[in-house]
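Okay, so subunit A shows up in both of these, paired with subunit B first and subunit C after.
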Partner chain A sequence: MTTVQLEHPHAQRRRTLVRGLPLAPAVVLMLVFLLGPILYCLYSAFTDMALTGSSETSFVGFENFRKIFTSDEFGRALGYTLFFTIVSAIIGQNVLGMFLALTMRAGGPVARAVVSAVVIGAWVLPEVVAGYLWLAFLGEDGPLNQILGFLHLPTQDWLFSLPILAVSLANIWRGTAFSMLVYSAALSEVPREIEEAATMDGAGTIRRLVSVTIPMVRRTIATNLMLITLQTLSVFGLIWTMTRGGPSGASTTLPLFAYQQAFQLSQLGYGTALALVLLALGGVFSLIYLRILRLEDGVR
Partner chain B sequence: MTVAPTRPVRPRVARGLAGRGAANLALLVVGFAFVIPMVWVVAAAFNGTAGLSVSWPQPWTFDNFRAVLNVETTYRPMLNGLLLCGGGTLVTMVGAVLAAYPLSRYRSRWSRPFLLTILFATGLPITAIMVPVYGLFVQINLIDTVLGTVLFMATSALPISIWLTKNFMDGVPVELEEAAWTDGASPMQALRHIILPLMWPGMSVVAIYTFIGLWGNFFVPFVLLLSNDQLPASVSIFTFFGQYGEIVYGQLAAYSLLYSLPAVVLYLFLARRLGGAFNFGGAVKG
Partner chain C sequence: MSTFSRRALLGAFAGTSTAAALAACGAGGSGDSSKTVKVVFRQFGANTVQTDFLAAVKKEFEAANSGITVEFEPVKAGESDYSTKLQLLMRSPRTAPDIVYEDTFLINSDIEAGYLSALDDRLSSWEDWSQFIPAAKAAAKALDGKTYGVPDGTDTRALWYNKELFEQAGLPTEWEPANWEEILEAARTIKSALPDVTPLNIYTGTGVGEATTITGYEMLLYGTGPNPLFDPDAQKWVIGSQGVRDVLTFYATVFSEGLGPDIKQALNPDFGNTVNQQMIPEGRLAISFDGSYACGSWLPTGPTPWPEWSEVMGVVGVPTQNGDGPKVSMSGGWTYAIPNNAQNPDGAWEFIKTVASQKNQTTYAINQVQIPVRTDVAADPEYTAANPTNEFFAELVKNTQYRPAYSVYPRISDAIQRATEAVSTGESTPQEAAAEYDSRVKEAAGDAVIEASS
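== the complex of A and B ==
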């Protein structure tokens, strides 16, 4: 609806400013509370800032990063973070969410309503509550072991034997609804005629899915993967409630590691350097997905 | 859901029915797996002798609820949570509606880069910046203040809210406003008297979505608030742990139910109003 007007460039610039004015409150808030901390992060990651306050902070260059990349603890935390993200988001939530969205299209209305209520219920519950539910569910006398015992299968204290897998399962349970909703919305826009045509041509269910339905929503898949990856990279409350990162660090992902270093051990500089690494990791994942999307555009 | 067109030949109908049966079975299995972890909290909340194991309440009792329903344990944290999340949602909505207006109504070469930045910011892992935010809050004396926490929570929800609000506002036809402009209304008057009343449903979606997100948020108030009497429900739930030695599981479960209630009720309201999958799918199309 822009009308082409011949105006003095000065007046035009002023008009742009006036029109953009309503953006100011949101922009100011985001500059102060989002960009500010990121810049602060960039600064303090290169210092030996400590919470104890007393002594002055000095610039230490890449010391924090050298410490990070040579420490075994960081290596483990990074490994757990990647495991947690890949297993619970990229595989778990993504595949289960797509499976549910596809199955719901084929299922009856009652089953559809019941399952979506339950799955979304798990998503709406506050993360701390979800943590407690899973703490109880996986505990030594918890329901899972009761069921396994009933089936005469070996029982164990999952939070001790396989803590990172335990928190990953909990995160799949909690986060699948998001992918399910996104994929349901995307699938509802796939024209049924195209799928019917594939069936007429003799394609089986699996074949139709792989060659017709899924390729049609591939852009949504890439975008959804990016969103759930970033969400999962920063999960804190769920893991904290279930294991506090333990036992002996066996479920300490990067957010928990940064928290422990910064707040429990008062190494604010080191903690922010870790936060920066976490941000960079999110950036790398985003770039990969954006790259996939861009390649897509190039092909078409 | 669209009605499937009539299927051609009979064998396909039979296969369709078998397929539907298999789909229903698969759905029920997944639904069952999702429900099991929830059983404990309900059973334990009404159980006089609850532990971590699941058992039929013995004795059946409301004692756990009675024990937690007091100012110290429930009412104040809930009220704090309401204040933080309500305040945060209010600030977010005001910021988002104002910002969405120029983004939706004017074309400028700044619009696209700005929107892309917003989209990128929606994915920003807030957990990663909490350490520097803590440092910042200590420096500018906002640590342990409700105002500071409200502002930060509001800001963390702003990018996604702006994005969604802009999409909803795009759905309001611009012709209605042009009439108002001709009558001499300023853009802000048009926003208030014409657009807002029309996009009320969309805004309630964004507001409820924001509120639920903030209500469940644990890490932000956990880091930014220190004094016990300011903590919201999401953080004070930890008082059931350790402080008195043993965890009182029955009370913890009862409290968990009470704390989850607002989020669940609001979601049900949202789902009823908009028929389930509300339209944030549109924002994720890429």
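== the complex of A and C ==
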């Protein structure tokens, strides 16, 4: 009896190993192409690695991070990143996506098809193309100013005077489709009977939305918020195409700041340290959303 | 049938992806490395003078060296993106070209990074090297005393002005500003007389990159006193100087009074081309700080041929701040260099010798409007007769200054560009921007800074 019990786990372990064998190539590939660069990035964040100007790389401990947290420029970039993320993702894409999903649910099939085609069209456009479209749209002689001029309204120069708003608008335009699709799927799961019951109890449209529909899709909202926040934190191409982070750094979010430091000012070590800080920022946002989800579960 | 076709499909897919992977592996080596010479240079905008020139040299070289093929890899990028791309290419033997075209202000930085190989052994056995002027030889010489690049020309800088517009505005067509104030006064006169014309251009901001530093800012700064940027005796970068604040005040004046170009346009990386290929030939810009090469755009070989330019455009040296001392000029230039990771350095050297021959350098100096670095080219009557402004700009060589192109210079230059951008957009006052500049210099240079004596 005891011998059998002793041998049994051995045999099982061997079988698990054999079964796991087909996974080996995938694991090796992951280690080489995913874990490798991450470890290399971790290593270089603690060095003074440079693209030019010095042939030696030495370990500098936390110097890069000290430099980050004492730098005014980093503070500004962080501020722009938070503005960009909150305005364009958490408020813009999220609210507009929900609004579109709700109205499409109420609208007829033709309107639904047209709206979703247009919105998803914006989403499938490559980032750089979307960037150029908005650059042209907001430009000095662009369509927006022509429309404003036609209506005898003052023209805008947001690309120059408020570049972070300009890129936020472009990102809302580009990213809303994702939230809309997610919310459309979630809303289709909400049973019509419950909403009808609420109407019977005398709830108006707003009341029904706030007290019935939204609470029923709240988990989807949290998941969607997490996804779009992480996507928006790392937006680079759109902003680079539209403003290159300028003028005077007034739309330099963290990904652009890290790129400038690493490749334009040749400080690879400092740039990777910034990338790690950006990663940590994404982690903080994820933790907050996960925490909200868990609190929800506790309440129920 | 259906299983079979699916298998066939998968097989085909696996086959193509393997082939693609193999092709990708092969691309790094690009065949027999001793049979090819890969050259990387910058080609931006509509100017193809260097591309056309190198294509002709390639023909000559391949005819003389049968079996060796020259491959060009022009990088289409702005100034700062070009150097980044170059550095990334040179980092690995798999991607390193055999010849790189390096700006002299970056070459020290790349030498210290160990990207380039010294050419001294090759130069000592090349008889043409004695034809090169000492200043140009020094441009590619590192602190270790070795030479890492063969220069292909230099340049000087001055003010270009449109005589027709000056005449319409009631200004003298033989203009000779004595100090900065007279430049601004002329610009103000043009602004009030010809409201549709941009009175004055001075490069600003990070968009046009190094052009802001050398063709704009330093042309003024070097007129404020001796060694205003770098103290060669102390080997330290100068901070806290009145000169810096005065230059930034000049920028602030130009843009706040509406004497300069539209700032949104000026911050575009392509603005240098806009100035010389559109604004000047179309008569929309009156005065411009620019290099001796500017008229290259208007020659028959240039991107926007403009036969009347030599009648319309005048050139005059940039005065110092208060008009004391000789005219200010800054000089730069480019070199051909061989990376340490080059696969075919011997072939590369042979090609560089062909590029730098007397005949080819004469062609290049004329078409690209370079100031020759070979004495035999400078003396060539074909060169001096080729262009009415050649003599004027060659004359400036006497008093021209070179940038302190040490390894930290690119970051100092970036600090300069940001300071000019901040005052040109009106975001900072000259005092604030100068303070910000000082802190950036300290961050870049560490202890190697010195307070200005004034």
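As a convention for this text, the second predicted complex is superposed on the first by the 285 of 300 C-alpha atoms of A that agree within 3 Å, B and C clash if a C-alpha of one lies under 4 Å from a C-alpha of the other, contacts with A are read in each partner's own complex, and residues count from 1 in each chain.
Simple rule for what comes next: contacts are C-beta pairs under 8 Å (C-beta built on N, C-alpha and C of every residue); 3 or more make two chains touch, one makes a residue touch a chain.
Quick caveat, the model's predicted, so the values are computed rather than measured.
Colleague: Touch test for A:L29: subunit B only (first), subunit C only (second), both, or neither?
Modeller: first
Colleague: Per the contact definition in the header, classify A:V284: touching subunit B only (first), subunit C only (second), both, or neither.
Modeller: Neither: A:V284 stays clear of subunit B and subunit C.
Colleague: Considering only the touch criterion stated at the top, classify A:E140 as touching first (subunit B), second (subunit C), both, or neither.
Modeller: After superposition on chain A, A:E140 lies in contact with both partners, subunit B and subunit C.
Colleague: Counting only touches as set out at the top, which of subunit B and subunit C does A:L151 meet: first, second, both, neither?
Modeller: A:L151 contacts neither subunit B nor subunit C.
Colleague: For A:T103, using the defined touch cut-off, is the partner it touches subunit B, subunit C, both, or neither? Pick first, second, both or neither.
Modeller: First partner only, subunit B.
Colleague: Residues of subunit A touched by subunit B versus by subunit C: which partner has the larger set?
Modeller: B
Colleague: With the two structures laid over each other on chain A, which partner does A:F160 touch: subunit B (first), subunit C (second), both, or neither?
Modeller: A:F160 sits against subunit C, while subunit B stays out of touch.
Colleague: Please report the subunit A residues shared by its interface with subunit B and its interface with subunit C.
Modeller: 140, 263
Colleague: Spell out the part of subunit A that touches subunit C in their complex, as residue ranges.
Modeller: Going through subunit A, the ones touching subunit C are 50-55, 140, 157, 159-160, 244, 246-250, 263-266.
Colleague: With touch defined as at the start, can you tell me which subunit C residues reach subunit A in the complex?
Modeller: Spelled out, the residues of subunit C in touch with subunit A are 80, 83-84, 87-88, 91, 106, 109-110, 112-115, 205-207, 263-264, 267, 269, 407-408, 410-411, 414, 418, 421-422, 425, 427.
Colleague: List the residues on subunit A that touch subunit B in their complex, please.
Modeller: 1-2, 16, 19-27, 29-30, 32-34, 36-38, 40-41, 44, 49, 96, 99-100, 103-104, 106-108, 111-112, 114-116, 118-122, 124-129, 132-137, 139-143, 146-147, 173, 181-182, 184-186, 188, 192-193, 196, 199-200, 205, 219-220, 222-224, 226-227, 230-231, 233-237, 240-241, 255, 258-259, 262-263, 268, 271-272, 274-276, 278-279, 282, 286, 293
Colleague: Would you mind writing out the residues of subunit B in touch with subunit A in their complex?
Modeller: It is residues 1-2, 4-5, 7-8, 12, 19-20, 22-24, 26-28, 30-31, 34-41, 44, 51-54, 91, 94-96, 98-99, 101-103, 106-108, 110, 114, 120-136, 151-152, 154-156, 158-159, 162, 174, 187-188, 212, 215-219, 222-223, 234, 237-238, 249, 252-253, 256, 259-260, 263-264, 267, 271, 276-277, 279-282, 284-286 of subunit B that touch subunit A.
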